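Sending over a structure as structure tokens; questions will come in a sec.
For reference, chains read A, B, C and D in written order, and residue numbers begin at 1 within each chain.
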Amino acid sequence: MGGSSGAVRVGLIGTKFMGRAHSNAWLNVSRFFDLPSAVAMHAVCGRDKVDTPKFAQRWGWANSMTDWRQLIADGQVNLIDVGTPNDVHAEQSIAALEAGKHVACEKPLAGTLAKARQMRDAARKAKKCQTFVWFNYRRCPAVALAHNLVAKGRLGRIYHVRAAYLQEWGGPDTPLVWRFKGDVAGSGAHGDLNAHIIDMARFIAGDEVTEVVGSIEETFIKQRVIPGEAGAANKGSAGKGGKKRMGRSTVDDAVLFLARFKGGAVASFEATRLATGNKNRNTIEINGECGALRFNFERMNELEFYDATSDATTRGWTTIMCTDAAKHPYAAAWWPDAHVLGYEHGFVNQAADIVRMLAGKKPEVPMPDFEDAYKTQCVLEAAIVSAREKRQVAISEFK
Amino acid sequence: MGGSSGAVRVGLIGTKFMGRAHSNAWLNVSRFFDLPSAVAMHAVCGRDKVDTPKFAQRWGWANSMTDWRQLIADGQVNLIDVGTPNDVHAEQSIAALEAGKHVACEKPLAGTLAKARQMRDAARKAKKCQTFVWFNYRRCPAVALAHNLVAKGRLGRIYHVRAAYLQEWGGPDTPLVWRFKGDVAGSGAHGDLNAHIIDMARFIAGDEVTEVVGSIEETFIKQRVIPGEAGAANKGSAGKGGKKRMGRSTVDDAVLFLARFKGGAVASFEATRLATGNKNRNTIEINGECGALRFNFERMNELEFYDATSDATTRGWTTIMCTDAAKHPYAAAWWPDAHVLGYEHGFVNQAADIVRMLAGKKPEVPMPDFEDAYKTQCVLEAAIVSAREKRQVAISEFK
Amino acid sequence: MGGSSGAVRVGLIGTKFMGRAHSNAWLNVSRFFDLPSAVAMHAVCGRDKVDTPKFAQRWGWANSMTDWRQLIADGQVNLIDVGTPNDVHAEQSIAALEAGKHVACEKPLAGTLAKARQMRDAARKAKKCQTFVWFNYRRCPAVALAHNLVAKGRLGRIYHVRAAYLQEWGGPDTPLVWRFKGDVAGSGAHGDLNAHIIDMARFIAGDEVTEVVGSIEETFIKQRVIPGEAGAANKGSAGKGGKKRMGRSTVDDAVLFLARFKGGAVASFEATRLATGNKNRNTIEINGECGALRFNFERMNELEFYDATSDATTRGWTTIMCTDAAKHPYAAAWWPDAHVLGYEHGFVNQAADIVRMLAGKKPEVPMPDFEDAYKTQCVLEAAIVSAREKRQVAISEFK
Amino acid sequence: MGGSSGAVRVGLIGTKFMGRAHSNAWLNVSRFFDLPSAVAMHAVCGRDKVDTPKFAQRWGWANSMTDWRQLIADGQVNLIDVGTPNDVHAEQSIAALEAGKHVACEKPLAGTLAKARQMRDAARKAKKCQTFVWFNYRRCPAVALAHNLVAKGRLGRIYHVRAAYLQEWGGPDTPLVWRFKGDVAGSGAHGDLNAHIIDMARFIAGDEVTEVVGSIEETFIKQRVIPGEAGAANKGSAGKGGKKRMGRSTVDDAVLFLARFKGGAVASFEATRLATGNKNRNTIEINGECGALRFNFERMNELEFYDATSDATTRGWTTIMCTDAAKHPYAAAWWPDAHVLGYEHGFVNQAADIVRMLAGKKPEVPMPDFEDAYKTQCVLEAAIVSAREKRQVAISEFK
């Protein structure tokens, strides 16, 4: 372990959306949770020499720097938190593991399966280091409860898994930002959103995908306005006397696929940035012999449960407000019943579990490490191969 | 009984909205229900000499006439169905009872308490006649199920009854039709809508109101355009060169009141035609020691039930689709599960129960007769007295 | 045309679930709609000599018989209504067309693509006859409104079609009734449920499927108890001293497939009898450049609409209660606003449109004839070929 | 002002539920908001000598103490945050104002009207001090948006205000904790919950209550188990060989009242701890001539809006996800669209507005000061007087 006993001393790489979400988690985790170790926000690393110190001050990081290798080399740090874009996860995580640090990496594990495999292999080698992946939705209390109910057998044999992550921000007026460039982003909605729901499906169902049966990879908007140029901000117009220049989007806008689980369930997955009307609808439904579950992140405090073994007179979908301190995962750390939680609470809950695991304790619900996240990456890969080669793809094709 | 043995031979008075709803009920009841007696649509009575025969032909009434006394005198008829405006319920019903006919009368029982009392007294006297009041929502399967759940003790001691019937059609552009004239209509939203929810609350809770604690009777729109005159149809304008003539609305647009039930529950009731956004939101919630119920007619196939005795891990509001033939009231007569029912089905269900009761059988759930409907009328009266005299009013003030 | 001028004189074949739904439609259509022609319920044909006359009497059919060829030969009948199982649709419909009758046939068009093609060809030949297919959900007002909104361009370019028809009655305790026998039923959930949502998707989107990209055909419950034998009713037990005998289910329990539309939309379809918790969830969502739509039959009076062109401050999913007589399809025929409709109203609405079309008038929204229903059948076929041959299947492979 | 220029230096009194909520607000406000002044968590004051320093350390308060007068005397503090029980609000707030400090006080303003009046008067006198009351729900983005829509005239003339705050935790098994003791708590659900919804109703409607028409004050559970004694935890039993001792609850479990607003709206208010099934249902609906609004805190990210001026074809209740950074109050400070917020965010938003106002800037939406909160207190008082004296009570009776 990289450092002396006791406190978890975090070094964060990344100061954008995820840098902010992780900073908030580390800042607040010790206020709400009673943890076995102290948490020190030791240092943050960003690329901008002006902004990074400001970010550090704002969020309470003791130090800041712009060279991530320097952060990894810092003997004070024992946990590297990787909150950067997908294409650098592998390099940074592997370096951290080789330096003997624990690593908490943003999802998806990597931009490509090859890099994800390198990360998994590095984690296998670094026997003293623990790895964690920020599949934050697992630690949304309703999702954790769903996992628990399935684990207790409340659904019985599972027939159907129906997962979709629907967003709408990728319309034709959205300019050609880096997220639409394949070389930087790796993929579009697929890595961003399908990664989440594949992980959620595996986590809740407690089962593994064995095969992708069919897949569609679609780029609806093939040309987008190059940002920063005339007209980019002028929806639908060519700007003042200028012409808006267009560039090619090289990522998917949507990926849909059908799959089979080892236990016999059939499944559908869909991720899209063009599902008009759905801002952040991360949703899953699972139907089993004894019951069923439904979750929609836009109403994240609620889990819908159907108990097929109850009296049919009063049977139906029950909306569970997952905020009961005595009964629901993570709820005791927060507020009284139905004083609802929000998006960032999943990150704080995950930070709590990371601290617990680093102290040798168990997390509240299972935590994905690099080994586990690699399995999700294989499903992502299988879906793309299926779409491009127009064939069924077994997960066992990947090692 | 007015007639020979066997068939129920119906004579209907009224050919407007309720005439249509009742005709549909009598036409369809024998198709869907297995009944102990045949139903004959013997005659319908309306005021218009041209329209009434057409109405009769359309709906399958064997005869038509325009004098309701003639209908009551008809020896072939053994059930008089009163589907007329409130101000003539008493005269027609009492005449029918005196002629030895059974009577099924539209709600509310009457336009005034005095007349309602006469009807109750006439029913008491006519010992061989049965009386029925078309509080149709009782026979909406979800409402009937609510009644059954309370009767089985699933709610335990009841704390709260919260009933509201919200409509929106009474805005300032709605002209001064007869419904806004007190001498014809008796009251506005109060008799029309509060009558329904007082009956529903009594029916589901299985308890009686003892006191109205406070009440508001409000006419928001005091002047309305006289229909048929220039400008009536020209929203907000005075028409071409003309002036729209305004007349005074002499009924309530809304009545709200607080009440107490004998069993200790506190209650609120509200009826309004100006609850913008709510087209026909007839809604009730009841909270008890062991559970709770919620119903909203706009989603009439669903009953929400909360079982406070169940495990808190999965406790919540359960949305019951009340269409299970084996378990839910009236459901076996209709379609497969979740092939949902609509507004008029409550009338058909009630017609079935009337036929059963006339054959000496029990209805599926309790049926309001004139005696019972008089109790609802007393609550209506108490609310108005409370609003006008600005005081608490005990139901026992009325006999 | 088979008969004299004027009235539509219906001859119905079928006395089970659909026989009942169609009878109700013919009985009530003239009560609620003002039609250009009278409707005569001339005769019904069933297989049982005892039950068929009873059925006729119950529903008001003037005559009954047990030989459907006799019905078709009846010169009084000008419309044959085919409400029988899928495997006899072709024979009966073709005979009727050859006899010069108009034909209204239950969906799906046929049990096999070959038979469906024969029906289409017969319809092409019978130039004086009109054909109709009972895809009843088209005439649910909310679905018809959805069609109209898309037709008016309110969604713009369509990106996604997401359709699922979820039922739950096919659990392991359900015995091996005819619906699980492939030789009788043709298919399981696929022909029963996917037929509906393929038609709905085509109808609402106003577009045609060009390709099935991938498909899963799954029989979760491979062995079922043979009904009528010991233990069939004893859930999970072998009965008293007896052994329950099991037989093989030879139909799908669920079929899921991904598809592409001509206009560029990507689509998912799913039909299942094992989606625990979902009794009759016929649901579709369509996302387009300018807006989106959502429908769920279990709340059939509501259409959810998202107008992406409206001010973002108040933008969101709007729940439209589709009961406004002045604005919504079919609503004027029924009750006041938000006096909601049920399952069978779609059939009555379709009966009204059939009568209108037979009189040379236009239906309220487009009506599927055999030509049109054949296109739906091709998509059904493509999904099965895709699942069995594990490949993408173009609809153009079928003629 | 108590202190030098620049930073807001907070001294908090209270370390329980509200102490925690306020600490979280002060800790996080500068991370999410760009504020005109720095915020210093200077000191916290609690009653327990052991727990208070721990609390200070946990939440990042620089100092801790147990004598609130010492805190008020501290020259470093310029804002006293009163997070204590209602019965000490007046004494602490007045002392702070007299010491020249700004005061942010928890709601309700005080336990009695007399004390609230003293606070208001003290605030009037302390001309250099600003006062704030933590009616946190105003700063829930959906509630703030509701306020803005009414302010823009989107509802037109308001007819109905329907507010209810429903909780369920006060069942017969809940022991006689301090919240059920009138001398400590002042009132039960009334001061706790009605205070919130009276403030919300005034805030959103932009109007003042003029009269309470009728009111019910009810204590359903008159005797409760004295906590800490044998049997308190044994639901319904007397414990092993012991007898549970009961004590009298001296607060209301529920208060319902009807009221009128100056602008002509009629209103109902209800607060209860015995609305089984409702954990934290703080809900309001307002119906106006041009539109309507609905809010339910359990789905706090959503506001339902009905625009009665839109085309009836697509009119309905629109569910607005109030998380659009460009359009919705406070949203820009937090996460991307539909990355939803939780309970405590309202406190953070309020802290931001307090900091802004102390720097002479405007808050995002109007902030209640002691003057304003006194108006809410008058309505609370009127409801109690109405219930006890069984009469209508004008707000003008109170000065």
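By definition in this document, a residue touches a chain if its C-beta (ideal position, glycine included) is under 8 Å from a C-beta of that chain, and two chains touch if they have at least 3 such contacts.
On a predicted model such as this, the values are computed, not experimentally measured, just so you know.
Peer 1: Where centres are the averaged C-alpha coordinates, which chain has the largest centre distance to chain D?
Peer 2: So the farthest one, by centre of C-alpha atoms, is C.
Peer 1: If you tally the C-beta contacts, which comes out ahead, B-C or A-C?
Peer 2: A-C
Peer 1: For chain A and chain C, let me know how many angstrom lie between their CA-based centres, rounded off.
Peer 2: Here chain A and chain C have centroids separated by 41 Å.
Peer 1: Just the number, please: Cα centre separation of chain A and chain B in whole Å.
Peer 2: Spacing between the chain centres: roughly 54 Å.
Peer 1: Distance between chain B and chain C based on Cα centroids, please, to the nearest Å.
Peer 2: About 35 Å separates the centre of chain B from that of chain C.
Peer 1: Two-or-more-chain contact residues of chain B, please, as numbers and ranges.
Peer 2: As it turns out, chain B has residues touching two or more other chains at 317, 321.
Peer 1: Once bound in the complex, which stretches of chain A touch chain D?
Peer 2: Touching chain D from chain A are residues 17, 21, 23-24, 27-28, 30-31, 58-59, 169, 279-281, 297-301, 321, 323, 335-345.
Peer 1: Could you please specify the touching residues of chain A with respect to chain B in the complex?
Peer 2: Counting only chain A, the residues touching chain B are 145, 149, 154, 305, 307, 312-321, 324, 326-328.
Peer 1: Mind listing the chain A positions that touch chain C in their complex?
Peer 2: 155, 159-160, 162, 164, 166, 168, 171-172, 213-216, 218, 220, 253-254, 256-258, 260, 264, 266, 268, 270, 272, 274-278, 285, 287-292, 294, 306, 308, 317, 386, 390-392
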